[in-house]
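Chain naming follows the written order as A, B and C, and within any one chain the residues start at number 1.
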Amino acid sequence: MAAKHELGEPVVVVEGVEKAFGAFVVLKDVGLTIRRGETVCIIGPSGSGKSTLLRCINALVPISKGSITVAGRQVNDPALDKLALRRDVGIVFQQYNLFPHKTALQNVMMAPIHVLKQDPAEVGERARRLLAKVGLSHKHDAYPGELSGGQQQRVAIARSLAMNPKVMLFDEVTAALDPETKKEVLVTIRDLAAEGMTCILVTHEMGFAREVADHVYFTDGGVIVEHAPPAEFFGAPREARTRAFLEQVL
Amino acid sequence: MKLAATDLPVLKPFRATPIAPSGLAAPMILSAGLVAGVAILFAASLAVAQATGPAPRDGAVTILLRWAPLIFQGFLFNLLISVLSMALGTAVGVLFGIGQVSPSAIMRKPSWAATQFFRNAPWLVLLFYAMFLLPFEVRLGPVTIAFPAWVKAIIGLALPVAANVSEIVRGGIRSIPSGQWESAEALAFTRRQTMWMIILPQAVKRMLPPWMNLYAILTMATTLISVVGIQDGLTITRAALVAESRPELMLPMYLMLLLMFFAYCYPIARLTMALERRFNVKG
Amino acid sequence: MIAAFFERLNDTHGLNFSIFYDAFDRSRFLTGLWTTTYICVVSILASLAIGLVGVWIAGSHSRLGRLVVRAYVQFFRNTPPLVQLSFFYFAVGGMLPTVSDGFGGQSPLVSGTGWAIIAFSLFAGAFNVEIFRAGIEAVPETMVEAAESLGYTRFQLWRQIVLPLAFRICLPALNNNLVNLVKTTTLAYAIGVPELLYAASQIWSEVFNVREMMNVLLVVYVLLVAVLVWVMHRWERAMRIPGYMP
């Protein structure tokens, strides 16, 4: 079921965004609005530009045309304070990308200490709480190499949460996991969403989208073909392309 | 529907013999055999020299033993040069290597150019370059720093070392998956923080085997200083041969020097191989 | 015209590039360059042959053969090439008989250039054996199995599948080794072979233009290496398989 809490004012506004890598156009005139507390799932076939869109939102990839606003900051503005933006936006990747030479706890603590220059004792407290929240309180001193894929992904989520973001981006975070470990990560994300975090997920998990999302977007060939609340989206898709895609995956 | 079992004989696959059952990466036994083999060769040449030498003069073994300490001292000097040169070259090379991956072209292009230039120049020519073109002393205000020949040699050898270290560092940095850069960037680390706290600590392990390999090459290259007139193990060996002027001694004397280098470099090579294997397994 | 430019350069700025305007110096320099190129080419080819032979023996069933190749490789890789060169020229060369040179004198059986080529070929050959072996071992086991199950004999397997793949895999390392070989040829200076460095040193000891000759030397060697790298690059490109990344 969709989140029961109140949805706030728009926190991520994407308008007319275009992105080309050389001659190859990945995103064509993409627009969406996400409100605070909303959970949004972006689905679509591979190569449809979903991951690129996510990376544009937190300025890892610059856009060719259009505008993106996140929590009042203009992301495509060349004078943007990237540090401030990345405090507000956390991202979790498909390949976890934990730092292999640091323990789980250190991974979570590193950025707040070195980037936000916060007090290590405070950060340590918060890190422990976050790891407990994702269910890994017994794995503080484990190195990523000693953790399973699902555990690593949860540490990655905790690491991003440690920066106290307003928006969390998830880029196909369960695609590299096997079915049993997928569930523990999805549960973590679901709880996070239930607490009111604004989440944007690029995912193939239709079941999760149906249950947890407030809104579902379908991209194909670099454009948003259709978007609707999940009941409407999965129950009565309007576009033929959407129907074709859903037939393939469901 | 049940499938009937066949009672035709199943063809067994043809097992070709392995292409390269590599005896080259063989265990300790062969290694001991190798050392024994070289020792036997040395002893044999010594025996021949002893036998063919004119009777009333000193035996070959005595002569070798007489000169051995001096030659060994020369060899130690080679080692000293190698250590100092490696230290200097590594320090400079690391900076060039980091410069090569810098996003700013002002840092990247000169670093790349310097690396390519000093990598492609022969070591002996660079050594000549340093020997001839460095001043014999440098005056900094009231202080005069003398540059004796061996210091110039260290600098001359440090040049190609720095270039190779630069390449090793560049390769090591580039071998770290881009996901690490991405997630560090997403957590708002600056480039310098990312490089020194996240990328380099991981890359150092991978850089170790080629770096040790470079050290072995440098150690062997220190013999070049004999060509530019500095006294080292090779010069002393030659001087000894001239002093004794007995042609049958040449073989065992050169072999002795070769053995000294071998005894130093071969363990380094094996250690490097072991480290490489260990890091490959861990991934 | 070039000669005039460099003469003027000498007169006005004192930068003496005598090889460009003086015929004798130029001929000495070019002779040295030719000798260096000759030594490089012959050593490269010989070392490749030695590498192939060595890796074939190392892959055979004979334990003695494997031991010999292993001893050879480890010995030549872990000892200084200059000492190896001196060993061959002075020690081994000193033991060989001399021949009459037709002018009433005795000359050695193998000249300095000859020993240089022999020493360098053996030196680089040792590295090549290792490089080829690594390339062969890097060919995936699964490909060998697939070929076996198609009925290839060992020799056919080797020739049609393993060697072509192994060669492409080890090309970068081979490239590196051959570049090193070109640089190592300067060692022939130490035994008086009239190659490029030797010619340059003769020129600068007469004309006293050390700085200029040094720079010219560096540039020429960098160019030589660049030519080799370019040739190897073209070869690598000609052998590239689309979509295959070893």
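Following the convention adopted for this analysis, a contact is a pair of C-beta atoms (placed from the backbone, for glycine too) under 8 Å apart; a residue touches a chain by one contact, two chains touch by 3 or more.
This is a predicted model, so every value here is computed, not measured.
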### Task
Could you name all chains that are in contact with chain A and with chain B at the same time?
none
### Summary
Heading the list of chain pairs by contact pairs is B-C
### Query
For chain C, which other chain has the most distant CA centre?
A
#### Entry: Per-chain CA centroid nearest to the all-protein CA mean
B
### Query
Could you state the distance in Å from the CA-based centre of chain A to that of chain B?
48
### Summary
chain A and chain C have mean C-alpha positions lying a whole-number Å distance apart equal to 56
## Note on the structure
For the pair chain B and chain C, the C-alpha centroid-to-centroid distance in angstrom is 18
#### Entry: Residues of chain A that touch chain B when the two form their complex
58, 60, 82-83, 86-87, 90-91, 93, 95, 97-101, 110-111, 114-115, 145, 156, 159-160, 163
### Query
For the complex, which residues does chain B have touching chain C?
13-17, 19-24, 26, 30, 33-34, 37-38, 117, 120-126, 128-129, 132-133, 216, 219-224, 226-227, 234, 238, 241, 247, 250-251, 253-255, 257-258, 261-262, 265-266, 269
### Query
chain B touches which residues of chain C in the complex?
55, 58-59, 61, 63, 66-67, 69-71, 73-75, 77-84, 86-87, 90-92, 94-95, 129-130, 133, 136-137, 139, 144, 148-149, 151-154, 157-158, 162, 179, 182-187, 189-190, 197, 201, 210-211, 214, 217-218, 221-222, 225-226
### Summary
In the complex, chain B touches chain A at residues 177, 179-180, 182-189, 193, 197-198, 201-202, 282
